[in-house]
Each structure stands twice: as structure tokens, then as C-alpha cells.
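Some structures to go through are shown next.
Below, subunit A partners subunit B and then partners subunit C, in two separate complexes.
== the complex of A and B ==
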């Protein structure tokens, strides 16, 4: 047994690197004197550790898919790609936090440490292969996120955000655990493979227990991806947290939750017909509600961050549409959607962060006349907004198109109609900011300090994929197709 | 494993009644003690299911430590505003006698139905062995990862409660 564990460790190097970096950050932080303001080394160490982790994830791409650590975890290319996305998301948010003046200087190293911890939770969630590791992943992700949400302790909104997050999180984690314990009670195992085998031959009486249990089980995942009955926390948390934290929340926990949802859907709900129908019915309802509520509520928002929060809720609706078709093409389109969503979100939050830092808030009016003062930034933000609403030839269009294609192929016409109508609605609020930037007079002529050369260059680099993914999408799609899920 | 009999029913009732009391009682001290009794009831259920080790842990950790912790927290908090229900002398005498009789009744039923179980020489040896084999072989990784969760939670708590230097 011990030898087997040691042999498996090589597959776990990325996670170990991230944990080691987290410890390193904690140690390094304690070597600073109390009055020292700039913790540059912490920042460099974090980025370096994340880079090493990314490299080791890439190095594991060639290893054949397998279960390891006595079936607790699974190694496959889908999990690896999600891990890579999460690492990039963390890198971007750590960089943003380093720049940010919304986060107090003496809290920046803690932000790095906690973000790394959340990342480990996310990586765990995306490769979990039994209920226990899945639950641990959800908890590691949540417990650390609560602290991030309540980062500005003395700010009323931030404290409210933290408390809301904790209360919702506690309730949904409890529901999920309740569901898991019933699944264990009915099937007698928590290993995904064994659950799948057991589900092939369950009878009606057990299904009567299993269907409600799976609904409860969904609560935990639904909360992490913020789909509709569990979305209430998300706008408040997004608005109350500092912008780098918001960017982080809209990337890492979301990718992790989607990865877990995909794995659970493909592992459990492809074997039993009745269970499959129930799950698809559940996901369809939730996807339709998520799309509609997310989009319609986004219209009336005053704060751009809050608008982006609602828009990210509706994007989750689209992703769920890709998940519920349970086919390889669906998986591929979900992966592509996540990749393009990552870049669009990073650029949008980057620009919003720099603007809101200058003025102290992120209301729509702050973007008035940005086009005449910072044309490049205005063009890039316009491009990202077009891409988020799904206008060709940008990456958002291709991502949405792929989802539409798989949904229509499966003949879910009503869902496709819902998604199409919602895309039109989303155009309204995305273009509102574009209109303000271009047609309104600027409120003041003071320079926005954040838009220095380096930041403008970085934003430009980050937005290159938004265009490239829209043009060379076939190649990326081929690559995303390699991200096969391994269901033993 | 065992047929449902009077012991099981009374244990479940015992636990359920005190669980309801925890939720609906307005007096926090009574609620905390009911919680303790509910834990003990759970311990009895585990025992009936044949897991002696789990029973011990349940009594030691939950009833012994966690419930007492609750009581301590209640003692440290200021509870003057909460209205306490002060029963009349006759009522408390009556309720006390009923409660004591019920407890002894349940204990008698349990003991007389399980004389063979309670003989210490017949304790199932495997219980602890199986548990730790599972914990340190099959579920070693989740076990280790939970330490990471605890570390993270510690960092988060320090982060939240740390004194901020105003800028």
C-alpha cells in the first residue's frame, strides 16, 4: 500500500506545488517586519509557484488517464485542462490584487495564501473521484472563500457579503452532505465507479430514495456555480468584495464547480434511464431559469461589477446547457466556453478594477467618455462586451454557437429558443456600457492612474485570445476535444 | 443485522424527542442539555448497530466535549434577556418524576434486552481494526486533505480577526 501511494504521488505534483507555495507564502510573510509596506517577494513567490504548478500540469498531460490514491482521485485530460484554467485564473487575480489599492497593503500576502488554498480546493474538486474528496473539495473552496469575501472587514458591504456567503454556504453544504449520506445508505459505497455499477441495477424502491438525494446533492454544486435557486449570494458577494477578489470568484470556483458537475453527470446519469431523465429535466429547468433570471436582473443594475455578476450567472446557464446533452461534443463545447469565458472575464474585470479604483465606485457613469480619453481601453472593453453577448467573429460567439449546435442536435428546441432570446436580452446591458463610453461626454479629465503602459499592454495581451479564439476556433476545438473525461 | 425491537424503538424515540426539544425550546441551557441527551441516544443507536467503537467516540467526543462546550459558551454569554420559563413547584416535581421514571424505564429495557452484548468478553474485536484500516489505507488521502482544510480555516480565521493597521 505505501509503495503504491508513493508511486501515485507523481500525478499529484501540481497540487503539492500549490500547497508548498501556500506554506512558503505564509512563512515568507512572517519574516517581514510590521512596518514594511511592500511584500514583493510574496508576490513573486506566488506567481513562480503557480507557474511551476502550470508546467507540472502540462507535464502530466501525456500520462494515460487513471484512478489513483485508492480510487480517491482521478487523472484525466479534462481534469487537467480545468486545473490549468484555474491556475491561470488565480495568476490573473493575484496580479490584479498586487496592483490594487482596494486591498490594504498588509493584506495582500494573505490574499495570495488564501487564493492558493482555494485553488487547491478547486483542483481537488475537479479531480475528485469519490464523495468524500468531492465534499472536501467543496469545503476547502468554500471555507477559504468566506474569508476572501469578508476581506474589507470595516466595509459594510463586504461584511454583509461575507456573512451571506457563510450562511448560504453552510446550508447548501449541509443539504449536500445529507444527500450524500442517503446515496451512501442506499448504495453502500462512496466510490464513483462502484456507485455507477450499483446504479445499473437499482430497483424502484431505491430510486425513490436516490432521486431526492441527488437533488439535495446538486445543491452543493449548484451553490458553487451560482445557478438559479442558489444564486442569491453571488451579486452581493461580487459587489461587496474588492475587484480582484470578484475576478477570482468568477473564475476559480466556477470552473471547479462546472468540472465537478460534468464529472458527476457523466459518471452517474448515463446508466439508468429514469435517473438520466430526472437529471436532465432538473438541469434543463435550472439552465432555463438561470439564463432568464441572470439576464433580466442584469438589465437594471447600476454597478458594473453587479452587472457582471448577473451576466456570469447567465453564462453558467449556457454552460449547463452544454453539460446536459451528455455527449463528447457537449463536453468539448463546455471546455471551449470555459476557455473563452476565462479570457473575457479577465479583461473585463481588469479594466473595471482600474476604473473603479480611481473613482471609488464602479457605477456605469464612471465609464462615460472613456473612448476619447483612453481609446485603446475603450476599444478592448467594447470588444469584450460584444464577445460576452456573442457577436461574431469573437470567441464568445463561437462558444455560444457550439452550445447551440449540440443542444439542437439533441432536439432540445425549447432550450435553444430560451438561449437565443436571452442572448438578445444580454446585448442590451452589455452595449449600455459601450454606448456610455463612446457617446457620452467625459465626467472629468483627470487621468486614471491605473492605465499606465504596463497595464494597458497586459490588458491588450489578455484580450488577444478573445479575437484569436473567434477566428482560429477550429484548432482550439480540436484541442478541447482531446479533453476527454475518463469514466472507468 | 438485528431485528427491530423495543430497544431500537425506544432509543429512536429518545433521540427524536430530545432533538425536537433542542429546536423548539426557548431556554438555551435546556436546549444544550437536550442536545447532550440526544447525542447519548445516538450513541445507543450505534451500539445497537454493533459499532462499539463509534459509540465510545460518540459519547466521549460529542456528549463529553462538544455538548459541554456549548454549555460553556452559554455560561460565558450574557443570557439575562432571554425569558426563562419558571415552572410551579408541583409541575416541576411531576415533570421530574415522569422524566426519571422514563429514563430508568428505557435504561432497564436496553440493559435487559442486551445482556449478551454487554458481556465484555463478547465485544466484537473487528470494529476498531476495520475502521482504522479504512482510515489509514483506503481513505488516507481524504484524511490528509482534511488537514489542509483545517490549515486553510486557521489562516482564514487569523485573516478575518487580525487587527487592521489603518492607512
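== the complex of A and C ==
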């Protein structure tokens, strides 16, 4: 047995690398003297550790799908790909935090350390294969996120954002645990495989317990991906936190939550007809509500970050549409959506962060006349906004198109109609910022410090995939098809 | 055995209702802890009646995480209290939909 444990350890190397990097960051941070301001080594160590983790995830791609650590974790290409996306998201936000002036100089190392911790939680969540690891993943993700949200501790808004996050998070964790405990009570196991076996032959009385339990269980995941009944925290937290933190929140916990949702849906809800119908009805309602409320509320926003928060809520709605069809094509389109969403979000937040840092806030008016002052940045932001709203030939269009295709194939016409109408609505608020950039006079002529050569180059590089994924999407889609879920 | 189940249900409901109606942050935090504690009771109860140790293990993890959550919650209330000199959500929550 111990030998097998050690052999399986190789599948866990990415997580171990991230944990080691986190410890390294903490140790390195403590060696700095109080008056030393530049913590470059911490930054490089973080990026290096993440790079090593990414390489070790890629190295595990060839290993056959398997369960390990006494069935508590699972290794498959879907989980691996989501881990890779999360690592890239973390890299981008750590770089952003290093640039940022919103985060105190002496708190930057803490950002790196906590972000790495959240990443571990996300990786755990995306490969969780029993209720205990799933719960631990959710909580590792949450507890550290609370601290991230309150990063600017001298700012009221940031502290309040953190507090709201804690309170909402605590309640949903309680509800989720209540669900888990009753699932255990009804089925007598916390292993996913055994739950699946048990679900095949449950009868009426147990179903009456199981259905509410699964609804409560969904609260925990729904809260992490910010879908509608549990979305209230997200705009406040997004607006209150420093921008790098916001970028981080819209990438890593979302990908992790979606990965967990996909795994749970495919493991539990494909066997029992009644449960399957209930779950799909639940997800459809939530997806429709999420899309609509996210988009409609985004229209009236004054702050760009808050607008992006609501837009990311509506994107989650689209992703849930891809999950609820429960087919391989659906899985493929979800993966493609996540990939394109990652790059669009990175570029959008990058530009918004640099602009809002200059002026101290991120209201729409700050973007007035950007086109005449920084044409390249304005073009890229315009492109990303078009892509986010789903205009061809950019990646956002292909991602949405794939989701539509699978939804229509399953004959969920009403849902497809909802999604299409919402895409039209979303054009309004995405193009508002484009209109301001191009047609309005600039408010001031002061240079935006962040837009140096290096940053402009990096933003351009990050936005290349937004175009390429829109044009050469077939190849990526075939590649995303390799992201098979392993359901033993 | 059933009496314990009702007890746990009662504590959970107490916590849930408390988080919704309580008017100061410390009490809300206490109510959240109450919810998590009642779930521990459920786990212990079910694993005794089903004779499986899986869920008893979960109790330890839940206790640890509840402690971490409580600590971080308290520290955030402290941070806000230093700024505003109040621990009542009505004074603090500046955002509204």
C-alpha cells in the first residue's frame, strides 16, 4: 500500500510544487528587511514555481486516467486542462499585482502567497473525487479568497468586500455541508464512485431526501461560480477589491467551480432518470436567470469593474448551458469557452487596471478619448469587448456558437432563445465603453503611466489568442475534445 | 437516536435564521459557526447509525475549517471596526443594488 501511495505521488506533483512555492515565498518574504521596498525575488520565485507546476501538469498529460490516494482524487485530462488554465490565470494576476500600485508594496508578497494557496484549492477542487476533498477544495479556495478581497485593509470598500465575502461564504458552506451530510446519511458513502452505484437503485423515500440535499449541495459550488441566487457578493467584491485581485477572482475560482460542477453533473446525474431531470431543470432555471440578471444589471453600472463583474456572471450562465447538456460535445464547448474567456478576461482587466490606477477610480468616463491617446490599447480593448459580446470572427463568437450548437442539438430551444437575446443585450454595455473611447473628447492629457512599452507589448501578446482562437478554432476545439472526463 | 437528529436540525435552523435576522456582525459569525457545528452532529450521528468512519473523519476537517473561517471573519470585523467604530451591518454596508 505505501508503495502505491508513493507511486501515485507523481500525479500530485503540480500541487506539491505550488505548495512548495508558497512556502518558499513566505520564507523569502521574511528575509527582507523592513526598509527594503523591492521584492523582485518573490515575484520571480512565484512565476518560476508556477511555470514548473505548469510543466509538471503537462508532463502528466500522458498518464492514463486513474483514481489515486484511496479514491479521493482523480487524474484525467479534463482536470489537467482546468489546472493548466488556473495556473495561467494565476500567473497573469500575479504579474498584474506586481505592476499594480493599488496593492501596498509590502503586501505584494502576501498576494503571491495567498494566490498560490487559492490555486492549490482550485486544483484540489478540479480533481476532487469524494465529498471530503471537494469540500476541502471549496474551503481552501474560499478562506484564502476572503483575505485576498480585503487586501487593501486601510480602504473601507475593500474591508467591506472581504467581510461580505466571509458572511456569504460561511452561510453557503453551511448549506453545502448540510447537503453533503444528508447525502451521506441517505447513501452511506462519500466516495463519488460508490455514490454513483448507490444512486442507480435508490427508491422514492430516499429520493425525497436526496433531491433537497443535492439542491443545498449545489449552493456551495454555485456560490463559487457566482450564479444567480448566490451572485450577490460578486459585484461588491469585484468592485471593492484591488483590480489584480478582481482579475484573479474572475479566473481561478470560476474555472475551479465549473470543473467541479462538470464533474459532479457527469458523475451523479447520468444514472437516475428522476435525479437527472431535476438537476437539469435546476441548471436550466439557474442558467436562464444568471444570463438575464447578469446582463440586465450590467447595463446600468457606472464602474467598469462592476460591469465586468456582472458580465462575468452572465458568462457563467452560458457555461452552465454547456454543462447541462451532459454530452461530450457539451464538455468540449465548455472547455473552449473557458479557454477563450481566460484570454479575454486577462486583456480586459489588464487595460482596466492600468487606466483605473492612473485616475484612482474605474468609472466609464475615465476611458473617454482613449482612442486618440493610446490607439493600440483602444483597439485591443474594442476587440476584446466585441469578443466578449460574441461578434464574429473573434474567439467569443466561436465559444458562444459552440454552446448554442449543443443546446439546440438537445432541443432546448427556449434556453437557446434566452441566450441569443442576452447576447444582443450584452452588446449594449460592452459597446458603451467603445463609444466613449472613440467618440468622446479626452478628459485630460496626462500620460497613463502604466502604458509603457513592456505593458503594451504584453497586452498585445495576450490578445493574440483572442483573434487566433476565433479563426483557427477547429484545431483548438479538436484539442479541447481530448479533455475527456474520467468517470469510473 | 431520532432525538439527536431533531436536535441537530434545530441547531441548524437556529443558525440559519440567525444569519438572516441578526443585526450585528459578531452574532452573524456565531450563527454561521452554529450551522457548521450542527452539521458535525449530523455527520457523527449518521456515521454511528450507518457504522461507517468516513463521515467521522469529515468532522475533524469541518472543525478545523470552521475555526479558520471564524478567525478570518473576526479579523475582518476588527479591520472594519478600526475604520468605522461600529460592528453593525446597517452602519457599514455602503453598497446597495
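Here, the second predicted complex is superposed on the first by the 488 of 488 C-alpha atoms of A that agree within 3 Å, B and C clash if a C-alpha of one lies under 4 Å from a C-alpha of the other, contacts with A are read in each partner's own complex, and residues count from 1 in each chain.
Keep in mind that, in the parts below, contacts are C-beta pairs under 8 Å (C-beta built on N, C-alpha and C of every residue); 3 or more make two chains touch, one makes a residue touch a chain.
All of these numbers come straight from a predicted model, not from anything done at the bench.
S.K.: If we overlay the two complexes on their shared chain A, which of subunit B and subunit C does A:124 touch? Say first, second, both or neither.
M.R.: After superposing on A, A:124 lies in contact with subunit B but is clear of subunit C.
S.K.: Name the contact category of A:143: first (subunit B only), second (subunit C only), both, or neither.
M.R.: Once the two structures are laid over each other on A, A:143 reaches both partners.
S.K.: Look at A:181 in the shared chain and tell me whether it touches subunit B only, subunit C only, both, or neither; answer first, second, both or neither.
M.R.: A:181 contacts subunit C only, not subunit B.
S.K.: Could you look at A:153 and tell me whether it touches subunit B, subunit C, both or neither (first, second, both, neither)?
M.R.: Touch status of A:153: both partners.
S.K.: Touch check for A:114: first (subunit B), second (subunit C), both, or neither?
M.R.: first
S.K.: Name the contact category of A:104: first (subunit B only), second (subunit C only), both, or neither.
M.R.: After superposition on chain A, A:104 lies in contact with subunit B alone.
S.K.: Based on the superposed arrangement, let me know which partner A:276 touches: subunit B (first), subunit C (second), both, or neither?
M.R.: Neither subunit B nor subunit C is touched by A:276.
S.K.: Could you figure out whether subunit B or subunit C reaches more residues of subunit A?
M.R.: Per-residue touch count on subunit A favours C.
S.K.: Let me test your reading of the model: by the given contact rule, A:132 touches which partner, first (subunit B), second (subunit C), both or neither?
M.R.: Touch partners of A:132: subunit B and subunit C.
S.K.: Pick out the shared contact residues on subunit A: the ones touching subunit B in one complex and subunit C in the other.
M.R.: Shared contact residues on subunit A: 132, 136, 139, 143, 146-147, 150, 153-154, 162.
S.K.: Across the complex, what residues on subunit C touch subunit A?
M.R.: 12, 15-16, 19, 25, 28-29, 32, 35-36, 39, 42-43, 45-47, 50, 52, 54-55, 57-58, 61-62, 65, 68-69, 72-73, 76-77, 79-80, 83-84, 92-95, 97
S.K.: Using the touch rule from the top, collect the residues of subunit A that touch subunit B in their complex.
M.R.: So the residues of subunit A touching subunit B come out as 1, 5, 19, 26, 34, 69-70, 72-73, 104-107, 110, 113-114, 117, 120-121, 124, 130, 132-133, 136, 139-140, 143-144, 146-147, 150-151, 153-154, 162.
S.K.: Where on subunit B does subunit A make contact in their complex?
M.R.: 137-142, 145-146, 148-149, 151-153, 155-157, 159-160, 162, 164-165, 167
S.K.: Using the touch definition from the top, list the residues of subunit A that touch subunit C in their complex.
M.R.: These residues of subunit A touch subunit C: 131-132, 135-136, 139, 142-143, 146-147, 150, 153-154, 156-157, 159-160, 162-164, 166-167, 169-171, 173-175, 177-178, 180-182, 184-185, 188-191, 232, 235-236, 239-240, 297.
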